[in-house]
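Heads up, the next two complexes both have chain A, just with different partners, chain B and then chain C.
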Partner chain A sequence: MGYALNFNLIWRHFDKLWGGLLLSLELAVISIAIGTVIGLVLAVWYVSAGRVVRAIIAAYVEFIRNVPLILLVYLVFYGVPTVVDLAYSAPTSFVLTLSVYSGAYLVEVFRSGLEAVPRGQLDAGKAIGLTPWQRLIHVRLPTMLRITLPALSNTFISLFKDTSIASVISVPELTFGAQWINFNTFRIVEVYLVTTAMYLLTGYILLFGLRLVERRFRAAR
Partner chain B sequence: MASQILYALPFLAKGFAVTLWVSLLVVTLSLVAGVLLGVGLVYGPAPLRWAVRIFSDTIRGIPILVLMFFVYYGLPAIGLHLPSFWAAVLALTLFKTAQVIEYLRGAVASIPKGQSEAAMAIGLTFRQRLTSVIFPQAFRRFLPPWINGVTDAVKGSALVSLLGITDLMQAINQVIGRTYEAMPLYILGALIYFAVNYALSLASRRLERRFAFIRE
Partner chain C sequence: MSDATNASPALLDVRDVSKAFGAVEVLRSVSLQVKRGEVVTVIGPSGSGKTTLLRCVNFLESYDSGSIRIEGKEVGYREAGTRQRRSERDLAAMRAETGMVFQSFNLFPHLTAAGNIMLGLTKVRGKSQAEARQIAEHWLGRVGLAHKADSLPAELSGGQQQRVGIARAVAMEPKILLLDEITSALDPELVGEVLAVVRSLAEDGMTMLMVTHEMAFARDASSRIVFMADGGVSAVGPPKEILAAETSNERLRTFLARFRASHF
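Up next, the complex of A and B:
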C-alpha cells in the first residue's frame, strides 16, 4: 500500500491519450461505415437469396463471430502479407479487420431487423404498385432501421471499445497511449483511471447521441 | 511446413488446455459473483444497489483490454502481488461478472410483480420467495443470454496472451516465432477457436429451445 496519487505526469503526456482517443474514434467510424455497407448488402441479399448464397453468408458470419478479434487482427497484419503480395500500415490493417469483423455482427442485426418488418407493409407497397427496388428503399429499409436502431447503437459502442485491440499491433490509439504512459512514467493507477474515464465519457456521449437519433426516428411515425 | 506444424501440435494442445482452463474459471467464478451481486442490485439496500450499479456500468463501459492492464499492472503498484495467471483471470472475471449481473437483473425484472406479491401473501419468507418462486422462473430467462456469453469468455481469454500467459493464442504466436509459418498457424488457431465456440453455440441453441418455454 502507500501509493500516493500523482497526476502531473499524466497531464504532461496527455497528448498521447487525447490523440489516441481521436484515433480510436477515427478507426471506429471508418470501420463501422464499411461494416455497415457490408452488413446491409449481405443482409438484404441473404433474405432474398437461394440456399447456396445463404450458406456462404452464414459461414462468414459464424466464422467471424466465433473467433477472437485479436486473432483476426494478427492474421490480417502478420499472416496475410506472407501469402499475398500486399503491404499496408498497421492502422489500415486494423481498419480492414474491424470492418470485416463489424460486418459480420451487423449482418445479423440487419437480417433480424429485415425479418421483423411486418408482411402487411410489403403487401401494401406491392398494392400501390411499387417496384421491388422501391419497396426495398422506401418501405423495407426505413422500417428495418427503426426496428434495429437500439441494437445498432449497442453494436456501434461495442465496436468503438473493440478499437483498443489495435494496440496489439502498435496502432497509437487510446489504449496504446495508456500503455506508453504506464511503461514510461509508472504512474499506473493514474493513467488507467484517466483512460477509464475517457472511454466511459466517450461511450456515454456516443450512446446519448444515438439515443437522440432513435427518438427522432421513433417520433417520425 | 506440415511437419513443423505436426511437431508443434503437443505445444499447441498445452496452450489450448490453458485457454479452456481460463475460460472455465472465468465462467464459474463470474457466475457465482454475478448472481450474488445481481441479487444485491435487485433486492439490496440503496448503498449496495448504487455500488453494484456503478461497478457494472463502469466495467461494461471500458474495453476488456484496459481493465486487464489496470488489474495486471495496477495491483502490484498498490502492493497486491498476484501471479500473472490469477491477475488475468481476475480481470476477465470482473468483466464477465458485470455481464452476469445484467442478465440476472433482466431475468428477475421479467417476472411479473404479482408472482412475488402472491408469494408474500401466502407467507413465504424472502429466501423462500427467491428460491421457490422467483428464481425457478427467472432461470429460463437468464439461461439463453448467459449461455451465449460463454463463447465471449472463450474469445476474451485470448487476451491473456498479452500478459505472457501461454494460452492457445500465445502458443500460436510462439510457434510462428520459431517457424515463420504465420498464415497456416493463424488459420489453424482460428479453426480451433471456431470449433469450440461453434459447438458451444449449437449446444446453447439446444438448451435455449429446451428452456424457452415460459409459463405465464
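Up next, the complex of A and C:
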C-alpha cells in the first residue's frame, strides 16, 4: 500500500498535456463552428419546411442522439474509408464527426428557440412590411439567440469535453496526452488528476466567458 | 393622392368577407368601408370576429371569400378574381401600406424605442440610419417619449410601450392605421395617455380602423361605429345612433346593457 504522489514526471512531460489541451480547444472550436452552421441552417429550414423535410431532419437528429459518439468516431475514421475511396487524417476525421454530431444537438437547441419566439413579434414584423427573410434576420434570430443562450453555453461546454473521445483514434489531444504519459511513466493517479484539473479549469473559463456574453444579451433585453 | 386610380370612394373597402376556422365561422359576409380621414370603430362581444377582421385587412389572416381593397387594390390575393395568394414579397409591400398597433404591444425586445421605429424605415422604406433616426425621434416626441429613444422595451411601462407601438406604426406613413384593442392590456391609469395619442392622430386626419372596448372613447373619437355580433356586421352608424340606449337592434341593446352593467 502507501502510494506516494509524485508529480515530477508529469511536469517533465507537461508539454504533452499543454499541447493536447490546445488541440482539444482547436478541435472543439472548429467542430462547434461547423456544427453551429449546420444547426442554424437546419433549424431555420425545419420550422418553415413541410413534413418530408421535417422528417428527414428529425431522423438525422434522432440517429445522432441515439448513437454513442465513440461509435460514430470509429465509423467515420475506420468505416467510411474502407467503403469509399477517401483519405483523411485522424484529426480531420474527428472534426468531421464532431461537427455532424454537434450539429444534431444544436438543431434541437435552435429549433426550440425559434419556436419560442412569440408570435406577436412575428406579426409586428409582418405588419411593418418586412419580408420573410428580413423577419428572420431582424426579428426571429435575435430573439431566438436571447432565448437559447443558456442552453447553448451548456451544449458548447459539453461538446468541448467530447473532444476527449478523439483519443481513441490517436488524435494527440489532452486525454491522449494523458494516456501517453501514463503509459510512459505509470504515474496514473497524478496524470489523471492533473488532466482532470485542466478540463475543469478550461470548462470553467469557457463557461465564465459564455455567461458574460449571456449577461450582455440579457442586459439588452 | 391616388384618387385618379381609385374607383371606390372608400380608402378601405371590405366586401362580403367570410372566414371559418374549421367548422367555426368567424366572419360571415362582412362588408365595411372606411373613407380617407375617417375613424371607424368596431365594437361587439368577444368572439364576434372583430380582431380577425382587423387582421384580415393587413392579411395577417387569410380569408375564405370576399375581397378587401385598399385604394382599389386587392390586399392578399392576386387580382382578376383568382384566389391566388400574393407572393410574400408583394404581401410585405402591401402590409407596409397599413400600420397596426397590437393589444400586447409586440415591440421587438432587442431594439430600443428608436430602433423599433427605425427597423421598418430602414429595411422597408430604404431610409438611411440618420434619416430614420430623425423620423423616429420626431414620432417619439409626438407620443411624449422623446427622452426614451434609447430605452429598451423592458425598461418602459405598458403605456409607454404602447405609445412606441403607435409611433412605430405611424412613422411608416401608412394609408390606414389598424388599432387592435390597444388599451386592453394596460392598467387603467395608463389608458388615458395612449388614447390621447390616438385622439391627436385622429385630429391630424389619420384614417383609422379600431377595435376597442373603450366606449366613451369610441363615442368621442369615431366617425362611425360598427357593431359586430357572431361574425357579422349587425349595425353601422354614427356613434350617437349606435350607442343610444333605446336602439331597436336587440343584440346591440343587450351588448350595451351588459357593457354598462359591468363598467359603471
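Rule of thumb we're sticking to: the second predicted complex is superposed on the first by the 221 of 221 C-alpha atoms of A that agree within 3 Å, B and C clash if a C-alpha of one lies under 4 Å from a C-alpha of the other, contacts with A are read in each partner's own complex, and residues count from 1 in each chain.
Definition applied: contacts are C-beta pairs under 8 Å (C-beta built on N, C-alpha and C of every residue); 3 or more make two chains touch, one makes a residue touch a chain.
Source: prediction; values computed, not measured.
S.K.: Quick one: classify A:V139 as touching chain B (first), chain C (second), both or neither.
M.R.: second
S.K.: Which partner does A:A124 reach: the first (chain B), the second (chain C), both, or neither?
M.R.: In the superposition, A:A124 touches chain C alone.
S.K.: With both structures fitted on chain A, tell me whether chain B or chain C touches more of chain A's residues.
M.R.: B
S.K.: Given the touch rule stated above, what does A:I165 touch, chain B (first), chain C (second), both, or neither?
M.R.: first
S.K.: Does the superposition put A:V189 against chain B (first), chain C (second), both, or neither?
M.R.: A:V189: touches chain B, not chain C.
S.K.: Regarding the shared-chain residue A:E108, is it in contact with chain B (first), chain C (second), both, or neither?
M.R.: neither
S.K.: First (chain B), second (chain C), both or neither: which does A:V80 touch?
M.R.: first
S.K.: Examine A:E173 and indicate which partner it touches, taking first as chain B and second as chain C; both and neither are also allowed.
M.R.: After superposition on chain A, A:E173 lies in contact with neither partner.
S.K.: Output check: A:L69 vs chain B and chain C. Expected answer is one of first, second, both, neither. What do you get?
M.R.: In the superposition, A:L69 touches chain B alone.
S.K.: Which residues of chain A are in contact with chain B in one complex and with chain C in the other?
M.R.: Touching chain B and chain C on chain A: no residues.
S.K.: Give every residue of chain A touching chain B within the complex, in rising order.
M.R.: Within the complex, chain A touches chain B at residues 1-3, 62-63, 65-72, 74-75, 78-80, 82-83, 161-165, 167-168, 175, 178-179, 182, 186, 188-189, 192, 195-196, 199-200, 203-204.
S.K.: Would you pull the chain A residues touching chain C in the complex into a rising list?
M.R.: Within the complex, chain A contacts chain C at residues 118, 120-121, 123-132, 134, 138-139, 142-143, 146, 220-221.
S.K.: Could you list, by residue number, the parts of chain B that touch chain A in their complex?
M.R.: 58, 61-66, 69-70, 73-74, 77-79, 151, 154-159, 161-162, 169, 172-173, 176, 180, 182-183, 186-187, 189-190, 193-194, 197-198, 201
S.K.: Can you tell me which positions in chain C touch chain A when the two form their complex?
M.R.: 58, 60, 88-89, 91-100, 102, 104-110, 119-120, 123-124, 152, 154, 168-169, 172
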